[in-house]
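Encoded as structure tokens, here's the structure I'll be asking about.
Chain IDs A, B and C follow the sequence of writing; residue 1 opens each chain.
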């Protein structure tokens, strides 16, 4: 029986069809790490926290059940699939759920510049809602806003790794606008902070996004914020 | 008559005591004396057994004192009985008893006199007592609701039906609930007199492995909802090597609309304790807990008292019945959390923490304080006591191929006869709802039946021929759950019902994992928008997709079953959803933002009752002297609708 | 709140029940029985004498529904949110109750501190749906088949009872 302590024999498990031999006290995550396959985790913290709360590390068993890799103990002959369409979809939805309650303030977040696991995962799984500003410092760019140049980065969906800024051009919003109120609000405050004329921002928005279904929503948010922060309506 | 009870020694030949117990103590209470043949001792026992049945004077009055009967007024009835007996100097024994499960006759009383048929009187008011007692003592049972058996000697006996002739009773199989409404729940003596503790006595004469084998042959499945084979859970725990093991009785019946555990615990608490003791013996535990919901205080009180009594007579404690087996029980009150019905959350609550844990490891291997723990539902334990007492064949007589035995179901909602009914598994929903519970009230149509509480699903009216079994309900989109069945008629809106259950789960979610905490809230927001007429067809797709993800990705069974009400109503009642979305109408006229209360001025008599009653000041008088409701101010409480003396107000 | 007296009371409760973490829920139940709610000072004292981080004590105090950290009114009105009660109209009763007591969004207790309105989980008396329970000093009264009209009567009854009690104090 693989649960008895002191049993040093290894057991066979099958990760995505690949055979691996691991000690019987291992979890799926430890087994998977042994062969270099990656499973995303957010709440896992080794021995300190293995409570499987975030549900991001879910993998699929032969019988279709989804189990958390960080906490599920391996058994002899266990067959695990880490990258099926169902697993990917579940990971995507979990990330979307996290974003739904997450306060996105990448521009001022201490995890800026490559320390944000959530951003990395969102980009990898195509979950949108985080602005380019979160990626820009990661690329080692100087912020155009600090130089007084209007850049649409704070309002644009991340995922391009801030290519244009690397090349020396302010962001033109080609991946489309963010739509969340709190993100737009942060962007607005950022523009105010660096004294970027709102008219410049609005004209760029009109140029690149007037055909977007979210354009009206964005401009209405801007009016609200200008009333809130500047006491008068713009555009 | 001395105050000698069955539990005492019959004479000095008997050497039984708590410290040196006799192995045949239980059997001897009724069939004894077993170790010596003395007719006085035998007669003493028989006399006492008769006393228990008919009282000291041959006349006994039983008044039920369970939460539901007390709420219906049985305390006042009890007082009235005492007053009447005292004032008229009647020689009678007045005893309390538990609930029969026929809630629609609460409060009831039973009169038993030697020679007369035991008669049950329904919906009794304190002022009826003198008449009832008088009539019975004069040999007539004309006001009785039912008789337990006939004697042919009472007047008007043929006019009163037998209890088993009433469908609500006769179609049941009262296996675990056999003592409910018959014994005094506070008396260990009565429990034993009616056959109690025979199960434990027999179990202690077997090896623990044999006890597990008996439960295996019986095919008992957990009655708490999941239906896991009880013997397997016990075996896994038994096989664990550990110095300490625990057993826990799950009395945290949290499903709204389910009260069979409460009924069992308040009416026959010793049965649960016996079952728990047998379970402890089978797996090798010395300490047990009974985890009771704080919202049901009488349940906790009865169980605590029963534990005390059992301890007093050596049925708990050291060297129980001379087998060298020691076991103690602690009754623990929860602090109010539905999730505590889940095994790992219950363990957390006993440990003084919160939140469920990821399984595996399962509690049977690593549970309370890391030790192997068995958690069984109260009803399961009640079955255990009877399986050991009567043998597995008696249990397996009933039920289906895959699920043997009987189960208690609480049928509530829009039915005529609300109550807790015990039937063999495999009985169709139709039999339960229509034949036993009497079907829906006059003028209404049955729409659906919700089984399994907030974790279950709705079965539409045209599928009621489904036999109630674990797998049949699952493929229909519901779950057996703890056995709560809520009947829904055409005055209820299915979207509103689904939203109601979702609201419940959102509040009760422990918040540990993301799918349940965030996902259920999003589902709830979408359901709210739909009931307010702001839903879109895209919302239905999201409900389906997100619902399935929450189901598969949640950490514990709460999140794993929470989307069931939404998913099952989407499956069978999509038209109601579409009506809310496309037509912005609620077909059942329930969702408040989509209905209006209107006064039909042609019927209005201008009495002004509605005007006076309206707390939102939304009703004004027209120049013609009639009344009119302002839909903008109206809060749709329905007060005017229910109080209008000429029914001039309608919903649209 | 006078912490010297409250600390003495907390110590007495913990002594009676036990100095172990596993008794935490029971200890909090006793404190709530004494005060009608869980005052912050008592939680701090429990954390101190049981050697449990205050955050853990608060986790338990906020997780379970029985506990409240706000001082309640003289009477608490529990509206059952069980299925049978909901179907028979307790949702309307709940809103109606809040309206006639003048409670706004997010408020639970009336300004005159007479009534607190709470949602209760199922009492298990589904045959009497819809059910409302009123608890207060020395009372626990259950009402069945409650209509908005009955609510008016119930409020009036406890209001006059409560005003009398407040006068006595």
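Throughout what follows, a residue touches a chain if its C-beta (ideal position, glycine included) is under 8 Å from a C-beta of that chain, and two chains touch if they have at least 3 such contacts.
Just so we're clear, the structure is a prediction, and the values are computed from it rather than from any experiment.
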item	value
Chain contact graph, described as a line, ring, star, complete graph or other shape	line
Contact-richer chain pair [B-C vs A-B]	B-C
Cα-centroid distance, chain A relative to chain C, in whole angstrom	42
Between chain B and chain C, centroid-to-centroid distance (C-alpha), Å	25
Euclidean distance of C-alpha centroids - chain A vs chain B, Å	47
Residues of chain B that touch chain A when the two form their complex	357-358, 360-361, 365, 512-515, 518-519, 522, 545-546, 549, 552-555
Chain B-facing residues of chain A, complex	3, 51-55, 58, 65-66, 68, 71-73, 89-90, 93-94, 97-98, 100-101
Parts of chain B lying in touch with chain C, wherever the complex brings them together	67-68, 71-72, 103-104, 106, 253-259, 262, 294-296, 332-338, 349-355, 410, 412-414, 418-419, 450, 453, 484, 486, 488, 492, 497, 500-501, 504, 510, 592, 613, 615-616, 635-639, 642-643
Of chain C, residues touching chain B in the complex	20-26, 28-29, 56, 59-60, 63-67, 80-87, 89, 91-92, 95-96, 99-100, 120-129, 131, 142, 144, 147-149
